[in-house]
Amino acid sequence: MVVALRPADVDLVTELADASLANPVMTASGCAASGQELQQFFDVAELGAVVTKSIMRDARSGRATPRMAETPSGMLNSIGLQGPGINAFLARDLPWLLQHDARPIVSIAGSSLGEYAELARRVGNTPGVAAIEVNISCPNVEDRGLVFACDPVQAGRVLSVVRRDTARGVPVFAKLSPDVTSIVDIARSVVEAGADGLVLINTLLGLDIDLATMRPRLGGVTGGLSGPAIRPVALRAVWQVANALPGIPLIGVGGIRTGVDALEFLVAGASAVQVGTAIFNDPHAPVRVLAELRTELAAHGFARARDAVGFANRSAARGVLV
Amino acid sequence: MVSTEAMVGRGAVQVDGEVLSNKRVGVYHHLTLVADGIAERTKPGNFVALSVGGATSAHLLRRAFSIYRVRPAGVYGGTVEVVFAAHGPGTQWLADRQPHDAVNVVGPLGRPFALPKEPVACALVGGGYGSAPLFALAEKLRERSCGAHMVLGAATESRLFGALEAKRAAQSVTVTTEDGSVGIKGLVTDPLPGLIARHSIDVVYSCGPMGMLSAVTRVATAHGAWSQTAVEESMACGIGVCMTCVLPVIGDDGVTKMVRSCVEGPVFAGDKVRWDDIGTIPAGTFGAPGMGGH
Amino acid sequence: MVVALRPADVDLVTELADASLANPVMTASGCAASGQELQQFFDVAELGAVVTKSIMRDARSGRATPRMAETPSGMLNSIGLQGPGINAFLARDLPWLLQHDARPIVSIAGSSLGEYAELARRVGNTPGVAAIEVNISCPNVEDRGLVFACDPVQAGRVLSVVRRDTARGVPVFAKLSPDVTSIVDIARSVVEAGADGLVLINTLLGLDIDLATMRPRLGGVTGGLSGPAIRPVALRAVWQVANALPGIPLIGVGGIRTGVDALEFLVAGASAVQVGTAIFNDPHAPVRVLAELRTELAAHGFARARDAVGFANRSAARGVLV
Amino acid sequence: MVSTEAMVGRGAVQVDGEVLSNKRVGVYHHLTLVADGIAERTKPGNFVALSVGGATSAHLLRRAFSIYRVRPAGVYGGTVEVVFAAHGPGTQWLADRQPHDAVNVVGPLGRPFALPKEPVACALVGGGYGSAPLFALAEKLRERSCGAHMVLGAATESRLFGALEAKRAAQSVTVTTEDGSVGIKGLVTDPLPGLIARHSIDVVYSCGPMGMLSAVTRVATAHGAWSQTAVEESMACGIGVCMTCVLPVIGDDGVTKMVRSCVEGPVFAGDKVRWDDIGTIPAGTFGAPGMGGH
């Protein structure tokens, strides 16, 4: 299957429900703020999309510090969704992205169905928003603080209100947590509720102990594990959901650091990928991954990025060992 | 407070650096990297973020170091120098680097020390390796005809950095050690009030452990001087995108915000930092109290 | 709290329900076979216990190769519980351990309640067995192949039959999977069903893609993720369960590589630790971790290993920042 | 099949090795490590497992390499030599090692080549770096007055290892390359039947890619010779504790078992290995078919 192909000739366009992106590489929510800080390293307009830090209705101070701990090939964070609230975001951050020709995917987070609906109405009807990503890894204040993402019913409810209140033509993606017994069950539920696609995965719940204080290291006690350490878990989630829900666009995220990693996610079933923690290691990571992905696609004979999507699933289904 | 536009880093580059030299100085390591493009952009108080562990590294996060010195491209290309203590795996790895080894550099990062507009007298207070960024600052102050009086302190002599160099760089030098192995036995804050009074110091710059910065700020404020402190908070990205490096700082509007020390700092007006509340979200902070989620 | 203490003076004894072990360091199941192969590097009798590879009633050929993939700071395995079956184990492997003065903890695995019961009767009544570890991360052939460990009811049933059929005085430990929405729910259920303690955690489900074949790399498609990469997840599980079920002995496992790691698990609530994947990196890892743990305990002023157990939980409960 | 006792490694040690030299040989790297205690225990066909990436490494698993040569403690302490191709991150890291760098060594591991009891004629077939362990084997065979005829093959000349050395070590040397850049154009199996017939070869030893081992075994068996093959299976531990390195091998009882190539191999009687079924659990294998669980 290896055909001589020049990287420059590879068609990188990817289709995510109603959104067509120039290429499949995005930033991961919370790892690129709203794009401004990365502009000194590369032009954010080069990316398929910029996914913004999850925005809530109101301003949030986040959790106490320390907010991070380095772990083997990864890190824990407990930021607690610090942010300025939706008004400031729409007034300041979104316009910046649009002025700079970036494709913004806006991540929203709420602590009640009403908050998600309000965010959907405000964000999902603002011109220029390429898609909405719904971060459901938040506690539901109306249901004993249980995390939406952990319950298929609650997760479905969030997606149904967000889909209802978002303009047609603006795809709504649900971002799922891997900390569940069956990610396929959650995926199915949010898709039935109206999600146009899925983002897999958010961080894994972890903890670190600081022996100097004999206490959990993070101010928030537990935190989210990210980075290459979790890549096999993310890839598994993509593979499982791609097999269970063929045809639903998936965006892979978790430990992606190179073009090889990105291609693995594509062939496992993702139509696009997000680069998160790798940015902290290499601020150029998103554009480097994009360039490397182009080279890898060519080297493996894929004339179009779309042809790689789900390749491993299809060959598995045919029982073919390519 | 400063506007967002100003807070967003604009001048940093990422370069494949190469070790030119790596020398022991007391308990510290003085590392010189060839890294083009850093020198031209650097102002006193900026820092660099170095990757550690090489191609097979399990350590993803960069390590932040104050810039000690820079030289624009010459025989070797531009260089940047840092002084650091080896304590964890990342700094240990850096301590083991040999000439020609590769170290990736991102910088210069952060907001530099604010400089006085008038030719006023200044104190520059450094704790341990915290003195490193003060030498370039002293030079800039001299260029502006500001007096530069240095106070260097450490637990013991081997943990002092640059006492000799300070003699060249500053108008006066005061050294303190906790064990009295050299200079005045005590803390940097002991001689500070006298120094401020003696030289009519208007601005006190400081860099070192958080406890020291807090104490220096208290002394400066009590004596009517401005303080500029370079803080050291745990950083994941160093470039403003992750929100890990925050601390409570009072804005011009009087409201406390959790601000990023990597782009809105590391230099802050000392009297704006809520030193005693670091590690908490003080009541009344913009956006507090938060609820779960990550 | 740092008191000058000599490492040699630290009392390492740990209590795990009815079992008292000379020290808290064990091998992890499946990472030390039945001890023989490690004897050339160190005397297995030096360890608190040797946990054997999970044994099933019948011989098992395991899964097709490749059975492993290296991942950042970790690895995936899909061994598929290859083993000789209980008869050969009792005839050959267990006697070897006893002859060499090791304390054997026998890990058992079944595909039905009946198999678990049979294994418990055979192993749980053999003199010299220090404890039984029940690996419940197996599909239940009688319940649509659902993994016992993923369902509190099924997991509880396994532990209740094993406890019933094991001799009194031989503690029964349930080894839990982290791939669940609430590990505390599973923990509670198996403890109510009779488990004397818990082993936290088994591997995380992961996947790797081989771009040379464009297929999942492992013969078993998905595999178990282990190694330092997962340590924050394991530590979180120990912390959560220690807080939810105080007084239940816990054994921590997942990415432990150094004495510092081991002490972190102790202060998070584990009474003992297991060293698994680190053995592949360093065959001396279990005894090295033991020696380093002794040094760390002394350095932190713990005269007895027991005093460190749950230290962080207690200081958290008191609201004290030590 | 061999009894369990015999299968359990008994003689391996773990030592902090130090690079003595690291040289390019064609496309390969010839690495010499000072590592006391390995030489005395090594037999031809044993391998070592080297840790990669140093103290900050994200690569936990050791890399396995056939032992090329050993020297017992002399001026430098005992040494062990391996020859390897740099392809992934671990071998790339090893390729970058300089004299005095540290590399941890576990070995010698695995079962060595079985030696003939009588002074019979032997063929030693090596593919690429697979020739490395055959030189020590040739020496042992000569000590037993066995004829040693070497066949070395590779895709192209730069991928041959030891063709010159083979002239000293063996009674005859045949070289094949797929592109004909040196020696006979073709595969090692092309000249093999003639060689077996000409020298009345009784045992064919081979080391190289799995496809080659399978083909060599087929030729040897067809011509009535025994075959001893050194296989290369993905290994996580190398010491027999993890069960990753298995392949289907027919036991003395005629039953196929999934056996560990690190302790029951890497050398197997070629005709006992079910080459075509590698990567599967053949029907009828001891304990097959399995069900889930891991």
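Here the chain labels run A, B, C and D in written order, and each chain numbers its own residues starting at 1.
By definition in this document, contacts are C-beta pairs under 8 Å (C-beta built on N, C-alpha and C of every residue); 3 or more make two chains touch, one makes a residue touch a chain.
All figures in this text were calculated on a predicted structure; none of them were measured in a lab.
Trainee: If you tally contacting C-beta pairs, which pair wins, B-C or C-D?
Mentor: C-D
Trainee: What is the chain whose Cα centre is as far as it gets from that of subunit B?
Mentor: Most distant chain from subunit B: D.
Trainee: Using Cα averages as centroids, what's the distance between subunit A and subunit C in whole Å?
Mentor: Here subunit A and subunit C have centroids separated by 33 Å.
Trainee: When the C-alpha atoms of subunit B and subunit D are each averaged to a single point, how far apart are the two points in Å?
Mentor: 55
Trainee: What whole-Å value do you get for the distance between subunit B and subunit C if each is reduced to the mean of its CA atoms?
Mentor: It comes to 45 Å between the two C-alpha centres.
Trainee: Hey, how far is the Cα centre of subunit C from the one of subunit D, in Å?
Mentor: Using C-alpha averages as centres, the distance is 35 Å.
Trainee: By residue number and range, which residues of subunit C touch two or more other chains?
Mentor: 72-74, 223, 227-228
Trainee: List, in ascending order, every residue of subunit B touching at least 2 other chains.
Mentor: Within subunit B, residues 58-59 contact more than one other chain.
Trainee: Note which residues of subunit A are touching subunit B in the complex, please.
Mentor: Residues of subunit A touching subunit B: 30-33, 36-41, 53, 58-68, 70, 72-75, 77-85, 92, 109, 111, 137-139, 141, 145, 147, 203, 219-220, 223-224, 227-228, 277-284.
Trainee: If you look only at subunit B, which of its residues touch subunit C in the complex?
Mentor: Contacts found on subunit B: 58.
Trainee: Give the list of subunit A residues in touch with subunit C in this complex.
Mentor: Residues 1, 69, 71-74, 76, 150, 179-182, 204-209, 211, 213-216, 221-223, 225, 227-233, 235-236, 239, 255, 260, 263-264, 267-268, 296, 300, 311-312, 315-316, 321-322 of subunit A touch subunit C in their complex.
Trainee: Give every residue of subunit A touching subunit D within the complex, in rising order.
Mentor: For this pair, the touching residues of subunit A are 72-73, 228.
Trainee: Over in the complex, which subunit D residues touch subunit C? Could you list them?
Mentor: 4, 8-12, 14, 51, 58-62, 104, 106, 233-234, 236-247, 257-258, 263, 278-281, 285-294
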